[in-house]
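Contents: one structure, followed by commentary.
Residue numbering begins at 1 within each chain, and the chains themselves are lettered A, B, C, D and E in the order written.
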Amino acid sequence: MAISVPVEHVLYVAALLFLMGLAGVLARRNVMFLLMSLEVMMNAAGLAFIAAGAKWGQPDGQIMFMLILALAAAEVAVALGLVLQLSRRYGTLDVDSASELSG
Amino acid sequence: MLDLLWLVPALPLLGFLALFATEGKLPDKLVAVIGAGTVGIAALVALFAGREFLQSGEPSFSLSLWTWIAVADFQPSITLYLDALSLVMMGVITGVGFLIHLYATGYMWKDHQEPASYSRFFAYMNLFVFAMLMLVLGDNLLVLFLGWEGVGLCSYLLIGFYHRDAANGYAARKAFVVTRVGDTAFALGLFLLFRELGSLEIQQALAASSALTPCMATAICLLLLGGAVGKSAQVPLQTWLPDAMAGPTPVSALIHAATMVTAGVYLIARMQDLYLLSANAQHYVAVVGLATLLIASFTALTQRDIKRILAYSTMSQIGYMFMALGVGAWSAAIFHLMTHAFFKALLFLASGSVILALHHEQDIFKMGGLWKKLPVPFWSMAIGSGALVALPFVTSGFYSKDAILLTAYDTSGWLYWGGGVLAAGLTALYTTRMMVITFFGDAKTEPHEDSRINMWLPLAVLGVLSIVGGWFGIGVLDELLGGLGDFSHASPVAVVTMAVPLLGILLGVLVFSGRIDVAGFVESKAGDALRRFFDSGWAFDWLYERVFVKPFLWLARVNKGDVVDLIYTLTKSITRGLHHTGALTQTGRLRWYAANMAIGLIVVLLLAAGWL
Amino acid sequence: MTTDLVLFWVPALVALIATLMVITRKNASRALIYLVVSLLAVAVIFFVLGAPFAAALEVVVYAGAIVVLFLFVVMMLNLGRSSVLRETRWLQPGMWAFPFILVFVLAIVMFNVFAGSGDETKGQEVGPKAVGAELFGPYLLAVELAGFLLLAALVGAYHLGRRYLEERREEAG
Amino acid sequence: MILGAILVLLAAGALAWAAGRFVSPNAPRWVSMLAFAAGLAWAVLEWQGGAGANGLYAEQFIPWIPRFGINVILELDGLSLLMVALTMFLGIVAVVSSWDEIEAGKGFFQFNILWVMAGVVGVFTALDLFLFFFFWEVMLIPMYFLIAIWGHENKGYASMKFFLFTQISGLLMLLAILALVYFHHASSGELTFGYKALLGADISESVRLWLMLGFFVAFATKLPSVPVHTWLPDAHTQAPTAGSVILAGILLKTGAYGLIRFAVPLFPDASQDFAWWAMLLGAVSVLYGGAMAFSQSDFKRLVAYSSIAHMGFILLGVYAFNELGMQGAIVTMIAHGFSTAALFMMAGAIQHRLHTREMSRMGGLWVHAPRMGVMTLFFVVASVGMPGLGNFVGEFLALLGAFRASVPLTVAATIGIVVAAVYGLYLMQRSFQGAPNPDVAAMRDFGAREMSVMVLMMAGLVWVGVYPQPLLDMSAATIAKLGVLP
Amino acid sequence: MTALQAQALLPYFVLSGGIVVLLLLVAWLRSEVVAFGGAVAVLVGALATVPWAAQAGPQLIDGMVKIDGYALFFLALFVLTAIATAVLSYRYLGPRAVHRQEFYILLVIATLGACVTATAAHFAGFLLGLEVLSVSLYAMIAYPEEAKPPLEAAIKYLVLSGAASSTMLFGMAAIYLANGTLAFGYDGAGLTSSDRAILALGQAMLLAGVFFKLSLVPFHMWTPDVYQGAPAPVAGFVATVSKGAVFAVLLRYALASDLLDTDALHAVVVVIAVLSMLGGNLLALLQTNLKRLLAYSSIAHLGYLLIALVLAGAANGNPDLGVETGLVYLVGYFLMTLAAFGVMTVLSGEREDAEELDAYDGLLWRRPVLATVLVVAALSLAGIPLTVGFIAKFYVVNAGVAGAAWALVWALIVGSAIGVYYYLRIVFAMIARPADGVDAAAGAHWEGLVTAVVLGVATVALGVYPSAVIELAQGLAP
């Protein structure tokens, strides 16, 4: 089953998802939520790729989405490692507590 | 012998170098021999060279040494040029110079402020003689300028000879700076002259000068006059000379009476042809002379310092010379220059003896009754004063001054003559005042006379010259320079000219010996104001202090830190401010950083969409 | 056409709302559940746009693996009630104003550019086979690289995940 | 051979450093002395050897960066040779003047002196614009080190200021050089930094003024001219004696040299158009520098400001666009090199002895040190512009030339002569004359070592003042070759 | 894949194969020496195969990567940097981490990522190369096991970099949407105006992500914090390789797809460049932490580097000269930055890095050799002759003049003027302040010292004889 929709509609959704993720990054202090927001942003990019792939009827969009998937996994793996360290060394998940480096 | 003319300036230079290089380590006697000896030999060489020159009958003689600078069309060379004018000047400089050096070997003998000062004194004096000789012998205005500045430097060095006293240093600097103002005009004159005539060779330039427009000629003449008034202490640059008396008395005699201060006269006489092109310029010369003459004479009336009296009298006498130049009495000016050199040197040296005898007391009101105790200085002073006052027939000053005044009357009418005669009367008055107060009346300080031969011999020789110089002048100078003998002594004008000084003396004797009581006037309010006005040299110093010195000092004080630097300091502050502002943005907060990235993204997208 | 739009917009709205919930929740676990919902909805979009393979991976890898990883950490760090209280303190409503303004401006620019692009998606399915052929054809090197990407993450996570202090203590002991 | 000389200086610098570390702390100054003596001997030999048919005493060409048409082109013509000889001579003076002033890091000190001078020799001989700029900047760093390490109380500020001024103006010059090269490339198709090729570059009227200004700013800053002069008083005051000697004696001359060699010949028309403004800056420098000199109470600062005044004459002379002015500028360069170097040496000697530069803490020093007094007097008199000494010849010629170009500006600058007298004599009065300062119990006079260089500099000034013709002849050849004068 | 293509890929094979072998060795032997030695051997091996690979000529493989002189130039540069980083890290890591083996693996993987990025001819290569590099870097930055700053730095870097990557990805998607291909290069003829708009939007978002990685104003804020928190050798690696790789791919993409032909994007780059030159230098002005100072200075330097991009990519530009400028500039930038971080590493103590300027007071008199290297590095960064930094600055001014990009040139001049000030402050501290700085590291760190000296000597040597690098960089335009 495959349908035909105006690309701009998909892009609206992708952009909205992307911007919501961005808003999350801008607003949240808890590092877990920051990471979730990042996932949302990447997912939005994936959606855009899928849309583009669907527009051209090519598999490249899907492949890029898969690469993004790998990227997301990799980032999350390392990021969660960092989160663990953060909670161990700082005793909190508040990113603002880790703001000794400044000036 | 003429080919050895270069020895005349070279010998004093050699003396200078010897004294300079030995750093004052020579024994004083040797210093005296070198110091006075080199000038003496130079005088001898000058004498022989002069005789040979006169015998040769040529109008001029020049001796090229080397090309100084050769750039494009500017090719001044170091050439010595001898003609009647420079011969007279050379004679005066070496002759009178030698006598004063001789006198100074005695005068400075025990004057050891510091180990090398005796040697240093003669080094400077020798250098001065060298520079002065270059000034008068230079064939080129640039060489003349070399001498001109050189004598200025020596004048500075010698005025400030007793350099531990800051006042002397001030006087020295004042002399140098004020004359430098004139020199600036002089230098500009040279630039203009060179631009217009393409050469600074005096003879060439003069020969070519007829091509000048009158306006340009006037401009050049006035600029040169600017130099002359500076060096010769004429209005308006006269203020340095009285202060210059801070130097040792032989210096005053040599530099500030006999030679250097007459350089301006020499310069104008030398450039005579140029001045003939511009009646205006000539007129200004005369005006300067007359103004100085009167101002200085009035000022001299109220001075208490014997050397200052003589200094003002020097100014006024040079005023005569300027007036002479201005009214066309060229030869008379030189004649007066010569006789003035004799008698003013005599006066200074004699006053130096008095001062030395009174342990450096210079205030005439602290002297008195000295005529018996110091006969040599007294008689020298008397002869000198006579010449200064122009006692008829027996003094040289009479002949030269008469020549000036009568020529002035002949060529320019009664104004200059009248002024000159008035000043002559004043001269008589203040000279009498000086003599009466110094040598008569009650003794106020006990002198001890120190009359070594090297000190009284120059006095004697100068005394003789002050008397016979006039006849010599009439006899020889007239022949050399021409234009001295063509006035009649019988006219009423001549009689008045002659009589006024005598009246002045009479008046002076009456007033200052107390026969006529002027105390009432002097002590009145107006009288006191007038006295203070005269005493201050007509308030020129006061004026210059406010117009030039104070503003300059003010500027120096407020701008010590260099206002231009503010531009850079400001730039620095702004940059630092920007840095601090920027550093504030680096808060270390992750979300703030992300927000900035979002802002960046907005900027980039807006730019890319063409909305910015 | 209209059905197509409905088919697209229903999961799209679900995804948008769920995502909104993700970024605004105070409880990490709940947010993660919403994230799963959002991802599943996006997977549906993928499916209707003709990318079934991607849709499957979205469910399996994203919702299945990555989110579970998150959940695992959340559990491990024991982000319970106290952390919700902390979030309440951190997440005051005013905090959203500035991000909202920025995002709003961005949205205007992006929507403005996207609007009016008359293109439609092809409406045809690009199945796993085509994707696989492409993946192990020209994209072979990319796949290799993706391997290295994961390897890097593996090594990095391995290092970061250690309990250094405890190990040290053990060494010292 | 020229590159050899530069390399010898560079190598001697390294050797001096090594000698200071491994042989003896006093070995470096001898290394340095020998290097400069050798350099001076080389310059004299080249001089004696006479110029070749092309007017050059020596020349060298080595390809360097062919990509941009950059080559090592070094040529020694009359002007260059004069400046190189002066450099070497003042190198000796600098070494002598700092003979026992420096206590720490003697080897590195001599290293820096030698490297500055190597850069300077490069600047005076390079005829490739890139190479010239290269050397132009190379001489900065060691100079910065000299001030920053061995300077006085405010050395950080002064060294930074010095560096920033020269560096920023240098960047503008670099920009101008590149633009010139590119415009030349565009019009002729030849990509080269060679001076001779660029001399005739065809550049449109609208840009050449800007390019000329790029060069002018760099050179005017180095000279320095008002209003970009404010680095100089600070740098001079804070620099160690040798630094001041080099700075005043040589580094300022690179600015003047640049004007004569590059700014004017590369852009003759633009320079003509700009001449009045440049002369105005010169006249303002003369007056303002003089007035500022009088304001100072610090011996070195006073001399520093007097340098600004003297350099004003160079601007006047160069932009008078006649041979008189140009020669005047060149003679002023030489004469000022001697007179100011000597005065800074004097300031250094006083500071070394009394630990102050404030003239209010001097006074009557003549009593303690008559030799120093006489020397100061001599060089003050020289710098005041006494005829018979070098400065007079230079300044008179410059003014004479300038008078033909602009009467009002010359009049203004001539008034500067009066100001010179004011500050010069004031300096003399406050340091060596007057009542002996009771705080100064005694002061060691100059010894034979110091006197020997002083006497040499005196002789130099007298020679330039009385018989400058050999010097004028050398530079005349260069001036003729530049071909910018009508 | 043909044999020639395999030959061209050889250095990359050596790197990737090496990584696997290394991983096995480390897993088996658990020895730091083996990990270090193996990593260096792999890197040297890759370097050794470069000439061979170069003979294979430009090879476009699967439309995905393009192995040409340009790519190999960067490979050599990155590998050399990685070797230096490995050598510098060896002793530095000792007191900071118990487990040090993984670091070298991560370093080699990061290098591989960077090298691949420089070869990318396709967004997949672009994305993956970059992310392989980034993900390795997160771990490398956070490597020290107890200190807080590295962790903070890593988190900041990761979150912001993730956001930037997402932006970039979204941009790529938009480009793909407009363009129909993920390969670099496009045929602009068939694009409708709305496609053009989407393309421009995509490219702008791509650029925004790239600007983040290049740390250009206003995407720069992470830079000082990350440099400061990261271990000194890693900071050096971040400052050089990660930026070099991104610049390499940016330049390649810009040239292939006429990125700067549109006025709007041209304006974007110019504005960002000007902001970076001024902002970076201003921020560094009074900075007293050497790491932060170098971070701000790198912002400015990357701003200068954009001039090369503008010249290469602009419609009326000169691609050959632009690329040459970029390559020469990067070589200079790598050398001087690494030299500075190298000295810092050698001077760093067991816990604290030698990052405060106070620690350098009077260094010249305490450690003359190291101080000389740092002086050279600082002067080089300031662009003073006799150093490669001067040649680099000469090149960019030259590029600005050649491209008539006067706004950039003026910003460069103002920026360098400010720059001189703070570089000299470093120099001043070392030479003129009293020698009371503390030597945190008492022991001899000879291999670090040798590395620093080699870098210093290279900085000077290329400053005096730049033709060596110019000839290499000439004609490498992809």
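Keep this in mind: a contact is a pair of C-beta atoms (placed from the backbone, for glycine too) under 8 Å apart; a residue touches a chain by one contact, two chains touch by 3 or more.
No experiment lies behind these values; they were computed from the predicted model shown.
Undergrad: Applying the touch definition from the top, give me the chains sitting in contact with each of chain B and chain E.
TA: The common neighbours are A, C, D.
Undergrad: So which chain ends up closest to the centre of the protein, judged by Cα positions averaged per chain?
TA: Most central by this criterion: D.
Undergrad: Find the chain most remote from chain C, comparing centres computed as mean CA coordinates.
TA: If we average the C-alpha coordinates per chain, B ends up farthest from chain C.
Undergrad: Taking each chain's centre as the mean position of its Cα atoms, how many Å separate chain A from chain D?
TA: That gives a centre separation of 64 Å.
Undergrad: Counting in whole Å, what is the centre-to-centre distance of chain B and chain C, each centre being its mean C-alpha position?
TA: It comes to 100 Å between the two C-alpha centres.
Undergrad: Centroid from C-alpha atoms only, then distance chain D to chain E, rounded to Å. What do you get?
TA: Centre separation, chain D to chain E: 42 Å.
Undergrad: Taking the mean of the C-alpha atoms as each chain's centre, how many Å separate chain C from chain E?
TA: Measuring from centre to centre gives 30 Å for this pair.
Undergrad: Indicate the residues of chain C shared as contacts by at least two other chains.
TA: In chain C, residues 98-99, 102-103, 106, 109-110, 113-114, 116-118, 139, 142, 146, 149, 152-153, 156-157, 159-160, 165 touch at least two other chains, as defined above.
Undergrad: Where in chain E do residues touch two or more other chains at once?
TA: Touching at least two other chains: 124, 128, 131, 135, 138-139, 142, 146, 155-156, 159, 163, 167, 197, 200-201, 224-225, 287.
Undergrad: At least two partner chains per residue is the criterion; list those residues in chain A.
TA: 7, 11, 15, 21-22, 25-29, 34-35, 46, 51, 53, 55-56, 58, 60-61, 63, 67, 71, 74-75, 78, 81-82, 85, 95, 98-103
Undergrad: Taking all chains into account, which pairs touch?
TA: Chains touch in the following pairs: A-B, A-C, A-E, B-C, B-D, B-E, C-E, D-E.
Undergrad: Which stretch or stretches of chain E touch chain C in the complex?
TA: 16, 19, 23, 61-65, 98-99, 102-103, 105-106, 109-110, 112-113, 116, 122, 124-125, 128-129, 131-132, 135-136, 138-139, 142-143, 145-146, 194-195, 197-198, 200-201
Undergrad: Enumerate the contact residues on chain A facing chain E in the complex.
TA: For chain A paired with chain E, touching residues are 7, 11, 14-15, 18, 21-22, 25, 31, 34-35, 38, 41-42, 44-46, 48-49, 51-53, 55-56, 58, 60-61, 63-64, 67-68, 71, 74-75, 78-79, 81-82, 85-86, 89-90, 95, 98-103.
Undergrad: In their shared complex, at which residues does chain B touch chain D?
TA: It is residues 20, 23-24, 66-72, 74, 114-116, 142, 145-146, 148-150, 153, 156-157, 160, 163-166, 169-170, 172-173, 176-177, 180-181, 183-184, 187-188, 190-192, 194-195, 552, 555-557, 559-560, 562, 564-565, 567-568 of chain B that touch chain D.
Undergrad: Please name which positions on chain E make contact with chain B in the complex.
TA: Spelled out, the residues of chain E in touch with chain B are 155-156, 159-160, 163-164, 167, 197, 200-201, 203-205, 207-208, 211-212, 217-219, 221-222, 224-225, 263-265, 267-268, 271-272, 279, 282-283, 285-287, 418.
Undergrad: In their shared complex, at which residues does chain E touch chain D?
TA: 364-365, 379, 382, 384-386, 390, 394, 397-398, 401-402, 409, 413, 416-417, 420-421, 424-425, 427-428, 431-432, 466-467, 470-471, 474
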